[in-house]
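Structures are listed in the sections that come next.
You will see two complexes here that share chain A, one where it goes with chain B and one where it goes with chain C.
Let's look at the complex of A and B:
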């Protein structure tokens, strides 16, 4: 069986693996729909119409995709350097906390919003930098540190929203005060939550693409990720590669946090992110770690989620459907990784 | 058929894409003997025992174990006959105790630990081992782990133990203990196939020895027939005709010199011991030695990858001691590493690999922006220079064959008019024709560079070098001029039969 599968993989060109993986997950999810007495064709049709086919849906899709694009593109830098950053969630929280410092610790000024973005960028970046430093100087595995630091960030957020920054007028609810108008990220379209961070996200995808493929720094990151020995051989400054890629990775997640804070919720709460930092891991791989594809993957995925979300209410799909689909997609991506490894073995 | 013969191999032939690893090899293992398998690196020793142990099916030839003709090659079959291979690097479970590891090797779930302990204790006592069955494997030395592996095999009913270069990971003291352990195994009636590339070890331990060279069996000697001279002669090809690349060029100034360089020996590195050498423009200096004697460390020190703890490295009059490899490259140094994969990123294209060292020099990038057009033009040149076969320069380099990868690195390193070339095994893995091409290319380069060639192959060094130096256990011999080279002495120094100090 394994042999036949391997032979099939070898016979196919590599570019078909991703479409096949996606179609495979749609089929598996379709089977689950059938078992639940839903017609998958109708459901998918509805999802596409809702997620992409209407003004409301499409703008909601783009809104949802903002944190996924930013964090996903950030992660793709780290993954290209072969650094297993699974701390985008924590870096996103720290970005929001950084923005919160400007919002709640200083008196408002006309440039507060810009300050929030800069602080979010730096806080997220530093949260990514710490694991890089620990790896470089103490050989601590970054998977562990990035994961653990997620919890630290989440608890710092809890500490702030329950304590120092709690809105005194909410009678004990863990909320911070709503942001004043001049600290809210402007919305772009009438009747929609789409905020200006989407421009930053698109800009960031293009910029990171150029960084990775056109500059010497991006080249160094890719060489190090492809073969650390070759980086050593070439005389690449490995410290620089580690620090730069993890800083940028975290900083982009940090911006995502600012966007969610000042663009959507307009205040900080517990459970502030809906696991965007983890979903972004999936998005980064779905987009083959290429920032432009990552952006596309994030938008497509968001559309699916928005459509599914709407259907949960209208046709009574269980709430966990999104997570289920996410899980299936992950398995499909792992299958694609396997296929590529099989291919690599024989060429 | 002689009852004493445990294993008989007739005319074993194993071919790999670039090399015949075993060429019509006959081999016999007798009951209760310690049989040495001696040969240089790449002679085909591992391949032969892989055939015997069933890991590798030979392309032709026959194998008999206890008189049975083997048709299905697999370690399971070999183990059924009582053959066990002791891996060089232990595969024991580090966090478990010695006894637990031994228990793990046994079939079945119901284990009487007490009975097993008693059995193992008896075995250990008979073999005069000192081994605490309850210590964790991770607390054992490499040598002790090897012995635990052996005990495991014995408990499973081993009659023959195969050890592939067990001493290459051991200190002299541990080697000594291993030898007495092997002798005790023999007293227990076991037969042992002992692989090494060190002459001295064969002389000390083995009852008989089979010498391999370039995949051929050069002869099997008994204890009485063994002499250092005889073994050296069999191991190194003295009588082979050697064609020299005889283009003498004017010798210029000293371009690279190491002065009294020493490095620490740790983490698998052999320390270099007070090494000095000078290379002039117009000459090729060969460093010849059996693998693992410090030649890799020497190469890495000479290019700035390892910093020496004492001594100086001078390039073209400038002291570069302690500088990074990039500073060395800027002085016009080219480096072909021992493992070519260390100089390549397999998942990147030919173009991306071509600029691995040049990307930050003017022409290839400006203000941190890589100029891919220039890079592509340059890559096309590299590909043309050494006739590298590739569908395009935009494919991932992993799609190239091994020989083409080797040529790619060579072409890349030699194409920028280097002043110093450090080449480690530049012909490894190449067929005869490509080897000739590569050596010819290097010989041509010496008109305007100084070349340090590191090789395990004395013949190759003789073909192309002006001087050679032998490296053994981190020490370097005086340079010997190739025209009046004492071949035998060189061979003896390589194998440690004559020490570097004696010769100097």
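Let's look at the complex of A and C:
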């Protein structure tokens, strides 16, 4: 049995394994839908129509993809360096908090919005930098620290939203005041929430692609990720690689947080990110850690999310459906890794 | 005052017991060289399954069994990818975590907010009359007792039996274990399943003792804290109860401080368990004894006969 599967893998070209994983996930998810008395064909058809088939749906898909592109591209830098940053969610929250400091602690100026982006970038970056420093100097495992720092960031946000920054006019609801007009990220299309951060997201994907594949720093990050020992002996500055990749990873998630804050909600609330930081992990791997592919993966996956979101209301699919599908897909893309190893063994 | 402290420790032990169960299972898995980040998902599924069965049959003890088994069943997905396919354990574990949260949210929607029969506190006669210690140790629910006994039993097995030696060899040096005729893959499968069982039981304790209802995301990150607890207790089951009680105490501290009139925002106090985890991990990593207390050498490294290590 195993031998036949390995022979089949050898006969197939490398690029087919990702589509196979996606189709397999859709089938498994479809079976769960059937068990739950939903028609999967109808569901998938609706998802495509809603997510991609109309002006409204498509613009909503692009809007949803903004935080996923930014956080996903950021994560792809860390993962290329073989650093397991699970903390994009917290870095995203810290980005929003950084922007909030400009918005709520200082008096407004014409350049406040720019300041919000800079602070968001720095706060997210520092939140990524702390686990990198702990790893570099004390060999603390970054998986657990980045995870724990998610919860710390979320609770700091709760503290601010329930306390210091709470809007006194909302009768006890945990909201901060709405941002004044000059601190809101402009929207690009009529009748749509698509905001200008999408331009930053596209620019960031291209810039990080160039950084990773056309500069010495990017080369060093990739060498370190491929083989830390070899990197050490070849004289690559390990400290620089670790700190740079984790700072950028966090900073991009921070920008995503600013976009959600000043582009979508226009105020801070509890639970203001719908787990974008976790979804971005899947996005980074779906895009094979290549920033350009990550961008494409984020847009396609966002369409699925938008479609599924609409179905929640119309046919009563639970909100958790998206996590269910995400989990299945994340496990399924490991098929690709298995296939790559089988191929490597016989080359 | 004395009674207050006893009560605080009693609740800490109980709150920490959820973490203890999950951490014990993860210790077994990691001792075999398998990192399973999916604890949160297996716990979540266990919590729903236990609650659901308890609600349907009105028998919470049946809920415990099904909760544990559901965690075990889910862990098989991780076993398949990480042992059979030799795939990346970090991604597979994350997938399992998200999958478990999704599964429980998906199938738990119809029973949100319902109340199921919960587990009773069993006061052990005579022993529970001992002042202070009796109150803390012998007025708990059955899963807390089970977690404490398991810590001792697993500690004994890991350090003093042949079975434990086999488990540790597989985790430290799978090549050597293979030469000795040990079936590395089988040992890892079993270790992962034990991890799943315990994570499921931890979930059951959550929905049958601490909060006898079902709400989405009720595990609230405890599965991730359990992973930190494994490191905090140096992969030693017998140290885990102390660590888990400490973490349990940290998690209930905010409420107690409020009761005693400290006016502190809940938001920042709620960061204590997470901050404590990061700090304690740093302290352990800084310690001079690190190399004697460190992780199993083959942790998160797939074993493929005849192939040198692929991951560092």
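Details
One rule holds for everything that comes next: the second predicted complex is superposed on the first by the 338 of 347 C-alpha atoms of A that agree within 3 Å, B and C clash if a C-alpha of one lies under 4 Å from a C-alpha of the other, contacts with A are read in each partner's own complex, and residues count from 1 in each chain.
In this text, a contact is a pair of C-beta atoms (placed from the backbone, for glycine too) under 8 Å apart; a residue touches a chain by one contact, two chains touch by 3 or more.
Everything quoted here is computed from the prediction, not taken from an experiment.
Once both complexes are superposed on chain A, the partners chain B and chain C clash.
By the touch criterion stated above, A:167 is placed in contact with neither chain B nor chain C. By the touch criterion defined above, A:139 reaches chain C but does not reach chain B. When the two complexes are overlaid on their common chain A, residue A:147 makes contact with chain C while staying clear of chain B. Looking at the shared chain after the overlay, A:214 reaches chain B, while chain C stays out of its contact range.
Touch criterion met: A:229 reaches chain B and chain C at once. Applying the stated contact rule after C-alpha superposition, one finds that A:318 touches chain C and leaves chain B untouched. When the shared chain is aligned, no partner comes close enough to touch A:6: not chain B, not chain C. Set against each other, chain B and chain C differ in how many residues of chain A they touch, and the higher count belongs to C.
With chain A used to align the two structures, chain C clashes with chain B at 93-101, while the other stretches in 57-65, 93-101, 363-371 or 489-497 stay clear. Counting contacts by the rule stated earlier, residues 227, 229 of chain A appear in both its interface with chain B and its interface with chain C. Those residues of chain A that touch chain C in the shared complex are 32, 36, 82, 84, 86, 134, 138-141, 143-145, 147-149, 151-152, 155-160, 162-163, 227-229, 278, 281-282, 285, 318-331, 333-335, 337-338, 341, 345.
For chain A in complex with chain B, the touching residues are 214-217, 219, 222-223, 226-227, 229-230, 232-235, 344, 347. Within the complex formed with chain A, the chain B residues making contact are 305, 324-326, 329, 335, 337, 339, 341-348, 352, 356-357, 359-360, 365, 368-370, 372, 398-399.
By the touch rule above, chain C contacts chain A in their complex via residues 37, 41, 77, 81, 85-88, 90-92, 94-106, 108-109, 216, 221, 224-225, 227-228, 231, 265-268, 270-271, 274-275, 277-278, 281-282, 285-286, 290, 307, 310, 312.
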